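So the structure is just underneath, and the comments pick up after that.
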Amino acid sequence: MSHKWGMVVDLDRCTGCEACVVACHAENNIPTAGADQAALGRAKHWIRVERYWEGDFPDARIRFQPVLCQQCEQAPCEPVCPTYASYHTPEGLNAQIYNRCIGTRFCANACPYNVRFFNFFNPQWDMPLELQLNPDVSLRTVGVMEKCTFCTQRIKAAEIQAEAEKRDLKDGEFNPACAQSCASKALVFGDLNDPNSEVSRLERSNRGTKLLGELGTKPNVTYLERGTWEDAKNG
Amino acid sequence: MQRTAEQIEQDLLRPVFHTSKKYWVAVAFATSLFFAGVAAFCYQVYAGIGVWGINSPVFWAFDITNFVFWIGISHAGTLISAILRLTNATWRRPVTRCAEAITVFSVLIGALIPLCHIGRPWLAFWMIPYPSERRIWPNFRSPLAWDFFAIATYLTGSTIFLLLPTIPDFAAIRDTATGLRKKIYRVLALGWQGTPRQWQRLETAMHIMAIAIVPVAVSVHTIVSWDFAMTPVPMWHSTIFGPYFVAGAIFSGIAALILTMAVLRKVLRLEEYLRRIHFENLGKLLLTMSLLWFYFTFAERLTTWYGNAPPEMVVFWDSIRKNFAPLFWIMVFCNFLIPVPILGIKRLRTITGTAIASCTVVVGMWLERFLIIVPSLEHKFLPYSWGTYRPTWVEDTLMAASFGFMALLYLLFSKFVPMISVWEMKVGLQPHGGVPVATAEGEHHGLVLEGPLPTDVVE
Amino acid sequence: MPTGWPKWLLMIVAGACTWALVEIALTPHATRASGQSEYVTTGVFTTAHPTAFAAVKDFVNMHPKHPVQPIAYTHTVHLAKGLQCPFCHVGVDQGPEARIPGVTVCMSCHQVIATDRPEIKKIAAYKARGEEIPWVRVYDYSESAHVKFNHAPHIRAQVDCSNCHSDMTKQTTAERKVDMNMGFCIACHKQKQVSIDCETCHY
Amino acid sequence: MQRRDFIKISALSGAMATLEACRSPEQQLIRFVPEEELIPGIATWKPSVCTLCSAGCGLQVRVMQGDAEVVRRGQYGLMKMGLAKKLEGNPQHPVNLGKLCARGQAGLQVLYHPDRITHPIKRSGSRGSGEFQEITWDDALKELASRLATLQSSNSANSLAFLARPMRGQRRELIERFLKAYGAPPAVWYEPFDETVLRQANLLSFGRAALPTFDLRRADYVISFGADFLGTWNSPVAQSIGYGEMRQGRPGRRAKFVQVESRMSQTGANADEWIPCRPGTEGTLALGIAHVILSEKLAPGGPTSPAGSLEGSRAGSVIAGWSAGLPDFAPAALEKQTGVSAAVITRLAHEIAQTGSAVAIIGGAPLAHTNGLFSALAVNALESLIDTGRDQRPILGFMSEPELGDAAQSAVPLQGSLASLNGLAQAALLGQPHAPQMLLLYDANPIFSAPPGVRIREAIAKIPYIVSFGSFIDETSAQADLILPDHAPLESWLDSIPESGSFQAVANLAPPAVAPLHDTRAMPDVLLGLAHQLGGDVAKALPWTTFDALLRAAFIPLRTRGGSINKKTDDEFWSTAQEQGGWWSDAPTAHAAGAQGGGSQGAGSHAGSQPAAATSSLVPAAKHAPMAPAAPEFAGTPAEFPFHFLPYVSQAFGDGSLAHLPWMQELPDVLTTAMWSSWVEINPKTGERLGIRQGDLVEIASQQGSVRAPAVLSPGIAPDIVAMPVGQGHENFGRFATGRGANPLSILAPLAEHQTGSLAWAATRVKLARAGGPEQAKLILFAGGMRGFPHEEEPR
């Protein structure tokens, strides 16, 4: 049975701690842009914790919302790429093939979630910071679009391991860096084709929503709305 | 007082044979602009495209604005001259060539810009469908791939359309020139002898091209508009974009044409040939397009406002009330409020008048493209990821260079080819019509000038 | 260039061109991600090519066919002696990379065997200095290929080493006999009916 | 554009370097024979310990082979070696259960930081000029040893001072023993945000001078007074794990969470109800709630539970008027004082009473007022009243202490660290008879983090000889005469004893995860070496030659304590402990916990599962006279300084010690999304009143001085509060932090909590004025928009 990787983001568990953000930087060799570039709006965070204010003092509230690539089934970023650099893998991921990318940036415009990031310069690390780079993830060069891959290198590694041991992948056997580091278990990753996996169980929750679902992009990431104390009390 | 064939030939071929100091200064200026652009591009390739002001989420800005702008300009020529030829509007004769020239050059520039704007220009050839051991073809679902083919077709088509009617003039130059020049033009003239048979062939070819080029032109700008309309971006994802862009393109095209003519008229001293009537007629056309443009803009904005979709309204208000309001209203003035009275009132529809109107339109149409692209990208669906855009000197330089390049190409062209079709003007002289070598065939080929020249031309 | 062009214009043009060239020539230099062969010591690590020339070479896929090695190692001899590849190239059947043997591996045998040969003496000298043999990489992917090749699955799938490294029994020091371009990989993958999905290798 | 220029330049030189390199890259550097043979491309996971905060989480380090430029035998060269690629939580570890916070994961960049001090250096220019010259370890140690010897022989050994950041474990032990044997006064442990007040309060209320542990996964109602327990306070990872469970871990049972604070913290942002209250009145508010519960006889957890009854609550007994039912704390009376309406107070009391297991938490700003201890005791009293532990044991409890051998961990002192730092400063400034002649610095940066009133800068300038063990040049170590760089944590033997975050006793232990990159030496080994050279008592007191020997001696006794390791021989135990990343006791069973928790006593006598450890710090409650309510005092008059100044521990930088890590600099702040800068949070109304817009430059002035930073208008802060994150404003801390932003600690008044003498960092008053436009301020925000939660589909 082929896999369909998906994620559930429980907005009721998310504390906005941003451990996922740093985990992603460490795992995926995402360079730090530096103050000048960040000021120009070129900071790269494959996963970001969006936060929105509601109300005013003293009734002010904040809503946290981790946003990463939604790995849409009907992804607007895919058809627009003239070179097939952005395409749909058999396992339901929106892959970005760096070496095929010529940098038209069309996909980034088409993405309604703004989760595609462009290499405006060749990334650089002051030595010896480069020793921390993960050899399992390629280093994107200038003019190339990049994005969340659901840590495809981890998926590949797990699949190769399973193949070596002649077995199927177990649910929760591996996780993307973000889900792996999430203390409050707000991010749950797994195989949506496996009805018993935790992710598909949670996806069926009645709190489930899709981000910008009205655009018909059919994301493989599901958000679980915040609950309230009253709901819980009333059962 | 009518001019004789000799005078016409003499007047129109003068630029080819005599070069003024002013001309070289102009060339120098244009060239320096162009090479400034080349330098800026080299710097961009070396340092990374980050030296532009583009950022996340505004990934397109000046680059694509200029691209759409130049492709738009290109609709002047071909479309106009093709339609005028087909409808056999006799006043077209002095106009067509400089129109067609504009087309070819602006398409050329428009096609260059995407090559400069992509992140890895050295891989642009992947847009070309060629068999490789990788067994990967371009993605034919991508509007950019469509662009590539449409523009390639348009470029070849309009080039042919420009060169066909110059053949007899090349021949004319060949006959008068001497030395190296003669050799060159002998080649260019493709052995034109002006036999009835050749005239007939030329005629047929021009007819075919005239008919073929119109749908191509329309499709090109429709496809350009689809670069935007095909993506779920607020205010981009609209069905009106196709016709809207085509209309806008013709609009800006005519304006550019009028401007060029006004300049040529002074520089090449063609007052005798580019007369008020030409500007007046083109002015009328411009007026129509201005009204049409306003209609489209109004329709587009009204539907958005009525639809009241939250993400679209953000862009809507941002462009007409907030950050981009100044640009937006300048655009409305330039494209509508200023040109319409000038072109509408006959007394103002003078050569200067139309030239001024055209100026504002060219500016306005550039702003229109900018206002379509940037505000939408700045405000996509998730407020958290909104951004802003400021151009850098590199982008400014590249833009200036695109104009410089246009001027340069035009200047060089005017050096090698008479900017007004000599033989067509001669045709205009025939009292009972017919081609220079009097032949009955002429009548069947619409080459004949029905009746005498319009009075205001003759006066 | 037509005559009559003013001098200053020519200077502008020439200036612009040369400047552009210099700029390109000084494209930010690179080192490889740690774990890969080429390593240059500078203050900053970037993913770009060392020089414009290197970039061009990479673009047209030029590689040294037969790099000169510090030790004139002979695969022929060792393989003839019945050594198996994984004996020295440890890890080739376990993970993505194969280790290129260092002095410790060599000396584990040559402590006693053929110690009098000049090449062996060289190795011994390296060991004495506590230095590693600076082997030159033969097969490698350019940074911009973004290829992630993993030996282990291929070996499990009984792909013979010689498919990609040609017959080592006929080589002394390794030569780049096989041009490992994408077509080469695809052809084999198609023939073996395994995935040719882009992301199988490119990520 | 400096950064890009810098890159350009290095690119240029680099291009040159590469041109030679192109000929034969291998000739560039000699290549060393690897110390360990790793299989390339295959990752191994090694245990380690996170040292970036006091929580003491267990780590797993992903180690892979790679080429690194290292120093061996005093020679630079390339070596294939194990390189740390990623830090993740240790799944077995009782505190963080395989999870890790943002700061912890950035520990990697401490190891590979480009500004690390790579070899011992000696001051060559004038002090603080930042001019140092390289020096060999032998020379450096010889110099230090001789100076120590002379100091001792001239029997002014007690003029040796040791200044370090508080820590729990064998390093601390080693330092204290060294000083004791040498004859020097105990070390000065300083950090700006110390928890002395809370430890003192817990000692009085619950009999344990330790930070509390919360079993949030069982909580039904959480009311937190200023404690940022999901972000930076106590053991955030452990608490976040519990938080997730209490929200959605139990189908149909979702806890309510109320946060009381004057500026919305990350934790407050997650609350179901956020209640702003006047600074320093949190304790009063807590007693108001208690009043309602007591007076209306709302017995939480049902009438059967005696917790509602007045007597029996030890925590209550230390509050004056408790047994009388807190007559002075009627909600109506508190409205003006606390700024919270009586209705709300009453409602909270009723809600709490309804739910089964409720918990009250206090931490952070409320403790940093002059009346911090009172607030803490008040909340503890409320806690003991409402935390009935419906099932098994109370939510709030204490971690048991592992009984390490010989070098048993000393109890954390209950003296506020500001007081001890003050002592040092005064001694130096006044040149008292035993004024410090030599200062050893370890991992503390008081010049940055102490309030100016302490005048630590002048004090340090007066000390003749300063030695730093720091890995980086910071404000304080820049003053050093000799710097002996320590290994990075991942390169050294680590141990620590978590104070909270689990109910098991935990002793962290980890061998080096990777070989040292630079020519550095572990501080403990250096101290042991010095002890050996000094000889005499010092050598006797520290017989070990290396730190791991000391650790082994300390850990071996745990073998007989059962717990996570069950091995016959000491060697087996020792190696297993290294593989596991430490030792921990078994999880307390419900029964045992019940006994320990003493359910009916409320949280009365939470204690560790080992009586010995529990009693070690127990003091009779009766000894302490009941505490009368105290109003907070502030530095500055409301007239002149209309705003309360609230510096807060930064999400990314902690107390500023992590500001040099690029990942942390580029981490968008949780609430404001600011990067690479510092900022001032003010209420939009206040901004309107003073004509301050988002991003404008504002100046905050206190009696002590003033700082400038860009303004962020935040609805989550009271109009009379000005808040500013701590961490930026370093004048000398590596390329990423130096000269960036402003340091709020530099305008704090040196006010101390009255009872404990720890820094009252929330007690300063300031005035606020616009100082410039956005172009001067340079506020860098990651977020474009801050309003308008995107429309989502209706829940299915």
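A, B, C and D are the chain letters, set down in written order, and residue numbers restart from 1 in every chain.
Throughout what follows, a residue touches a chain if its C-beta (ideal position, glycine included) is under 8 Å from a C-beta of that chain, and two chains touch if they have at least 3 such contacts.
As the structure is a computational prediction, the values presented were derived from the model and not from experiment.
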item: Contact-richer chain pair (by C-beta pairs counted) among A-C and B-D; value: A-C
item: Innermost chain by mean C-alpha position; value: A
item: Euclidean distance of C-alpha centroids - chain A vs chain D, Å; value: 30
item: Computed distance of Cα centres, chain D from chain B, in Å; value: 67
item: Approximate Å spacing (C-alpha centroids) for the pair chain B, chain C; value: 51
item: Residue list for chain D, restricted to those that touch at least two other chains; value: 7, 41, 64, 66, 68-69, 83, 783-788, 790-791
item: Interface hub residues of chain C, defined as touching at least two other chains; value: 26-28, 30, 34-36, 42-44, 46, 150
item: Residue numbers of chain B (touch at least two other chains); value: 47, 57, 381-385, 387-388
item: Chain A residues touching chain B - in the complex, by the definition given at the top; value: 37, 40-42, 48, 50-52, 65, 67, 76, 79-84, 100-106, 108-110, 112-114, 117-122, 142-145, 212, 215, 217
item: Residues on chain D engaged by chain A in the complex (per definition of touch); value: 1, 3-4, 7, 41, 64, 66, 68-69, 83-89, 96, 98-102, 105-106, 108-109, 111-114, 230-231, 236-237, 240-241, 243-245, 247-248, 252-256, 264, 266-267, 269-270, 272, 274-276, 517, 651, 662-663, 665-668, 670-671, 673, 675-677, 683-685, 714-719, 735, 740, 778, 780, 782-796
item: Chain A residues touching chain C - in the complex, by the definition given at the top; value: 84, 87, 89-90, 93, 95, 97-100, 122-127, 129-131, 133, 135-142, 149, 152-153, 156, 160, 163-164
item: Footprint of chain D on chain B - complex, ascending; value: 57, 310, 378, 381-388
item: Contacting residues of chain B [partner chain C, same complex]; value: 19, 24, 27-28, 31-32, 35-36, 38-39, 42-43, 45-47, 122, 132-135
